[in-house]
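The following block contains the structure, expressed as C-alpha cells.
Note that the chains are named A, B, C and D in the order they appear, and that numbering of residues resets to 1 at the start of each chain.
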Amino acid sequence: METSIPKTMRSLICYGPEDYRLEEIPVPEIGPGEVLVRVLGAGICAGDVKCFAGAPLFWGDDVRAAYCQPPVTPGHEFVGEVVALGEGAAEKYGLAVGDRAISEQIVPCWECRFCKRGQYWMCDGKHDVYGFRQRTPGAMAEYMRFPADAINHKVPADLSVRQAVYIEPLACAIHAVQRANIELGDTVVVAGSGPLGLGMVAAARLKNPGCLVALDLHPNRLEVAKHAGADLVFNPNEVDVIAEVKRLTGGYGCDVYIEATGHVEGVPQGLHMIRRLGTFVEFSVFNEPVRVDWTIIGDTKELNILGAHLGPYCYPLAMEMLRKGQVPAEEIVTHCFPLEQHEQAFAMVLEAKESIKVMFEP
Amino acid sequence: METSIPKTMRSLICYGPEDYRLEEIPVPEIGPGEVLVRVLGAGICAGDVKCFAGAPLFWGDDVRAAYCQPPVTPGHEFVGEVVALGEGAAEKYGLAVGDRAISEQIVPCWECRFCKRGQYWMCDGKHDVYGFRQRTPGAMAEYMRFPADAINHKVPADLSVRQAVYIEPLACAIHAVQRANIELGDTVVVAGSGPLGLGMVAAARLKNPGCLVALDLHPNRLEVAKHAGADLVFNPNEVDVIAEVKRLTGGYGCDVYIEATGHVEGVPQGLHMIRRLGTFVEFSVFNEPVRVDWTIIGDTKELNILGAHLGPYCYPLAMEMLRKGQVPAEEIVTHCFPLEQHEQAFAMVLEAKESIKVMFEP
Amino acid sequence: METSIPKTMRSLICYGPEDYRLEEIPVPEIGPGEVLVRVLGAGICAGDVKCFAGAPLFWGDDVRAAYCQPPVTPGHEFVGEVVALGEGAAEKYGLAVGDRAISEQIVPCWECRFCKRGQYWMCDGKHDVYGFRQRTPGAMAEYMRFPADAINHKVPADLSVRQAVYIEPLACAIHAVQRANIELGDTVVVAGSGPLGLGMVAAARLKNPGCLVALDLHPNRLEVAKHAGADLVFNPNEVDVIAEVKRLTGGYGCDVYIEATGHVEGVPQGLHMIRRLGTFVEFSVFNEPVRVDWTIIGDTKELNILGAHLGPYCYPLAMEMLRKGQVPAEEIVTHCFPLEQHEQAFAMVLEAKESIKVMFEP
Amino acid sequence: METSIPKTMRSLICYGPEDYRLEEIPVPEIGPGEVLVRVLGAGICAGDVKCFAGAPLFWGDDVRAAYCQPPVTPGHEFVGEVVALGEGAAEKYGLAVGDRAISEQIVPCWECRFCKRGQYWMCDGKHDVYGFRQRTPGAMAEYMRFPADAINHKVPADLSVRQAVYIEPLACAIHAVQRANIELGDTVVVAGSGPLGLGMVAAARLKNPGCLVALDLHPNRLEVAKHAGADLVFNPNEVDVIAEVKRLTGGYGCDVYIEATGHVEGVPQGLHMIRRLGTFVEFSVFNEPVRVDWTIIGDTKELNILGAHLGPYCYPLAMEMLRKGQVPAEEIVTHCFPLEQHEQAFAMVLEAKESIKVMFEP
C-alpha cells in the first residue's frame, strides 16, 4: 500500500554559485531496488554553504574539475518517510512504507578498486554524494529517491526528526574519532565545536580519554560541547590554547588533535599543540591553502596525520548514540525553516552566530 | 691495551652560521661506560649544510628556540676505530680496542616518557644529536667520545669506511620505509634521490613493491637510483610526473609516496600523485613553510601522512644491507676531503651537482 | 564467436567419502554474467584428499554440519580456456573467448556482513567454494561454469598450465604471509614445505627477512624450499629444530612462525620455537584436535596467533610472482594425470612421498 | 626523616608446594635507588594459589624449568607506606616518606631485547616478579623492599587500602582489554568474572561496546559483574551461552572474546562463540593442556588470538579508574586476613565460593 503521492513537488534547485531557486518539479519515479521517501527534514551542511558561495572544491579551479553538476536539488543530511518501494527494495533494506529511512550520503559505483574492497566511501568511480550530482538529487525538496545502488537504513521510530537529521553529521564525526585511535588516558583536543566537532566530542567521550578538550570561538558552542562530554572548553580568542594544552600535559602536548575548524589556523594550532608521535585527524574542508612548516610533521615530531571523510559503517552507530542520548542533538540542531525561507536559512549558517545546525522542514 | 692517544687534535668547530673554523682542541677524556674512537670518516648531512647556512630549525626563530649550541664540533654521520673504553663499556657494547664502532646519532635522556617506552628517537628531554649540542660534540675531528648514555654498535670489519659512513643515513632511510607499510604489488614513489632518498629506494626494493619509482632533478642521481633498485626513474623537469604516475596506476595514483626532496614542491607533488587512502611519508627538513590545500588530506583522499625521523632500531639492519651489497654505498659516497678543505666540502654539498654524499677523512 | 562445445563431458563426481566416480554428465549451460571454460588443468588440494578420506570438516560431526554437498564435481585449483561468455561477462571481467581464465576459489554471497565490508573470503552466507557445493561444481571435469557472483581473472598467456594451476595455492600462501607482518631482519620459520608451504617460502622471500627457515620431513621438498628462497632448511626427524632456531636467534626464538604442516605436532613445535611477542600464523586444516598448553599464548609469551584462510585480493599478486619466476612452480607441480587415473592421483597425494602437487589434465 | 623501623618482621615464606610458613626474618635493608615500605595490604592471586598447589608453571616439568625460587616471601599485589628511601629514589619516583606507594609486579632486567624496546613486561632476561624470585621477595610480610630497577608509583591518598591492593589486578585487566581492540558497537564477552575478569568488564565498559556480556559459574560474581558494567550476565551452567551469544549477534558470534576463566573449557567455548575475523584475548594460566580444533583459528574463522600478560603502562590508568569509581573494588576485595591466618586465606581462594579477592593486612 502506498500513500497518495502527488505528481509534482517543491524543490530547491542549485543552478550555480549564489543561484538557488525554489521551483515546482516532478516527483521522482522509482524503479527496481529504489526507494521513494517524503522528506521530513534536511540539514544544511557547511559544505552546502561553501557550494552556494562558489568554493573551488565544488566549482573547479586550475587543478580540479567541478564536482557539482547543476541543476540539482541540494541536501545530503536528511530523514524521510518511505512512501514507495521498488521491486526488491523492501527485502534488501528491511523497509516498509511508513518507516522512517535514511540513505548514506554517498551512492557508490561498486566497481572501482575502493568499492570492491569495502572502501565505498572513497569511491573513485562516480563518488556521487546526494545534492551535488545528476545521479543523486538531494533532500531539499518534498520527495526524494534513493537509487538502487544506495545504502539505506531504517531509522528508529523513537528518534525525533531533529535527531534523525543529525544522523549524517554524527556518522562523519564517529568516523573521524575512529581514525583518532584514542586510548584510555589520552588527552584529546577537538578543535572546532560546530555540528561536526560537537559530534566528535560526543563520540570521543565514548572512548573515555583521560582529558577531553573542546575549542571554539563561540561561547554558545562551547556550552554545548560541555553537554556533549568535554572535560574542558577553551576559546582561542581568550586563552593561549597551545600553552594551556601543554600545561595540562606536563609540557608534552596532547596525544590526539582532531581538526574540525574549517579554518586554516586550525592546522598550525594543532601541529604546535600536539606531542611527538601524536595523532592529528584532519576533517575540515578549507577555502584556501594552509601555509605551515611541514618539518614538524616529520623531523620534529614524527606525527600521524590521518584524514577523515564521510561516515562509513557509522550510520548504525550514530543512530544508537542518538537513541541512548549520548549526544545532545536537540541542542545542536538549533533552527528549522520551511524551504521558502532558504535564503534566510543559508545566511544564518554562513553567519554561524546563534545557530549551530540549521535544517529545513520541506 | 690502548693505542697511543695524543693530547690534542684537529677539530672543525661551529661558532655560528657561516662561522666554522678548524682548530686544535684537547682530545676528549672518557669516563665509565664511555668510548673513545679515532674518527675514520665523517659524512656531511644536508642538515649540516642547513645549519651552516643559518636555518631557523638550528638557530631559532619566533616560535622555536635555537637547537644548535656553539661552539661545537659538527658531524653525526661517522665511523671510528675504538682507541679506549671506559669501565664497563667493553661488556655493555661488546666492543674491544681496535674494533670499528658507530654510535647512533641521538644520545637519549632515558628519562622522558618517550625514552621510557622505547621511543628513544623522539626523546623529549635533551634530544641531543651529535654535532649540535654541548653534551654531544660530533665527528668532524680526529677523535670523538661516545657518552655513557649512547647506543653504540660494532661495525663489521668487512665494510669499507665509505660504506660505514653511510650507515647513519641508511638507518634513517630504512626507518622512513618502515613507516611506509609497503605491500606486495604497491606502486611506490620515492621523491628525491639524494643520499637519503637513494637509501629509501634500496630499502623499499627489499619490500618488493609492484613498481618502484624514483624522482630527482639530477640525472646522475637517477642513474644511481636505478642501481639502488628503482624500476623507473623520472626527472620532474622533463616529465609531468603526476600524469606519469597516474598513467602507471590506472588513473588512481601511487599507493605510497615518500617525500625526501627537501623542497616545498615535493609536498603538493605527492598530494596530487597519491591515490585515495594512500600513505605519504614525510621525511624532509624544509627551509620554508609549505603552502598546500589540506582538504586533499581529509575530505578528498583520506590520506595517512606519516612523519619519519632518525633511524631507531635500524643500525643493525643498515649494516646488514651494506654487508649484503643491497645498496650502492660506494656510488652514493662520491667525494672525500681532509678537514682542512671543509669550505670546499660544504660548498660542494650545497651545490649538490656532481656530488651525492661528501665525507671527511679527518 | 564460440568454439564448438559438446553436449556432454567426462567429470569426476564425489558421491561421498571414498566414493568418487568418473561419469559422463551434461556440459553446464551459462546465463547472464557467467563464464564457461574448458578446463586445462586442475590441481588436487590436501583438502580434496581429506574430503575423500571422510574428514569431519567436510562430512560433519557432533559440532559441525557437513560442508560437502554431494553429488558434486571436485576441484578448486584450476585454469581454463574461455569458450563462452554470458551477457555482460566480457566487459565485467575483461575476458574474451580464447583467453585463459581463473575464478577465485570462493564464490561469495555478497550479502552477509563480511561480503559487505570487502571481507568476501570470510563469507558467512553461503561460503561456496568450488568443488564442494551444489552452487559451485568444480574443475575435475572437461568444462566448468563460473557463476555470475564469481571473481574471475584473466591469466597471462605466458604462464604454463602447470604454473596457472598453482595460482590458487600461491594466492593462499601470499595471504598467509601478509598476515605474518614480516619485518626486515626477522627470523621467519615456515613449518611444512608442501605446495602451500613452498608458496609461503617464496612469498616470505619477497619480504626480505633476516633469515628464512623451512621445515619438512621430506628431503625432496626441502630441496625445493631452497629454490623457493629458504636460507636454511631443517628436517625435524633429523634435527632438534626448536633448539636450532633458538640457537640462531640468541636464545630468543623466531620472530614469525607460519604453521602449514597439517599435523598437530606443528602447533606445539611453533609455540616453543617462537619468541615472546612473536607472530604465529595458523593455516593448516587438522584431522584431529591439538592438545597444547595455552598458557604459553598469554602468560608466557603474549603471542599473536593469526589465522589465515584462502587468498583474498592475492590472485593478481600470485600471477605476477609466477610471471617474474619468483616461485619454482614447475618443481612444485610434480605430476599430471588424466581424469581416468583419479585413483592413482589421489593415492599419490595421500602418500605424499615423491610428489608435491599433483594435477589432472582433463 | 624516617619512621622507626624494627630489625625483624613477620613474613610468610614459601619453601615449596604446600610448605608455606610464617617466620620472623630481618627487615630488608635498602641501597641507592631503593625503597622500603611498610606493607598495608597484600592480595592473594590465583597464581599464588596455583604455586602453593604445586603447578608445573612454577615448579617445572619436562619442558620447563622451575620459575619459583624458594625460600621466598610470596605476594605481588600490594600497597605499602614508604618508610625509607635510598639515595636518589625520592627524585626518581617522586616519593616521600609517608606516601603510599606501589611497585609494578615485574622488576625488569633492562638489558634484554624486550626491555631495550620498552617491552619490559616481556623481559626475557630475569623476568623477576615479586614473590617468586630471590631478587624480588614479595609483600606477604610486614616490610618490603623495591629494588633499584623497579617501576614504582605514588598511590593517591584518597584510595582505600582495599582499592590500592586491587591496582595490580586491574592493571593486568586493562592491558588485556587494550589488546582486545574493542570498537564502538562491538559485542564483547568476558569469560570468567573473578578478580581479573571483573576488572576486564570495568575496563571494557570504558570502551563503550554495543553489548558487554560477562560469564561465570558463580551468581555472586555475576552480580558484581553487573555493577562493573556488564549489560548481560550468563551462567554457563544454566544457559547455553554459545547459542545465546549467537542469538544476540544475528547468528554471527561475538566480535571480541576475552578468556579469563582459568579453565580449559573457556577456550573451546570462545572459539565456538566468536565470529569470523574476531579477536580472542587469552589471559588465563591453565593447569593442564587445552584440547581443541585449531582448524577453527585458521581455515574456519581466520581469528586473531592475542595473548595478554601483566599490566604494562597501566598502573596510572588503574589508579585513575579507581579514583573515578569506575570499578567496584570494594565489592571485589571481599575478605581480609592477618598473616597468621594464611592457611584459611589460601583455602578460601582455592575454594572460590563466597570470596572473590582475598587479601592480607600484615
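Going forward, contacts are C-beta pairs under 8 Å (C-beta built on N, C-alpha and C of every residue); 3 or more make two chains touch, one makes a residue touch a chain.
These figures come from a predicted structure and were not determined experimentally.
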item: Intersection of contact partners for subunit C and subunit D; value: A, B
item: Interface numbering overlap (same over half, different under half) for subunit A and subunit B; value: same
item: For subunit A paired with subunit C, centre-to-centre distance based on mean C-alpha positions, whole Å; value: 44
item: Of all residues in subunit A, the ones touching two or more other chains; value: 119
item: Subunit D to subunit A touching residues, read off their complex; value: 174, 178, 183-185, 203, 206-208, 210, 316-317, 320
item: Subunit A - residues contacting subunit C, complex; value: 116-119, 313
item: Subunit D - residues contacting subunit C, complex; value: 57, 63, 113-114, 119, 121-122, 124, 252, 259, 264, 267, 272, 275-277, 281-286, 288-295, 297-309
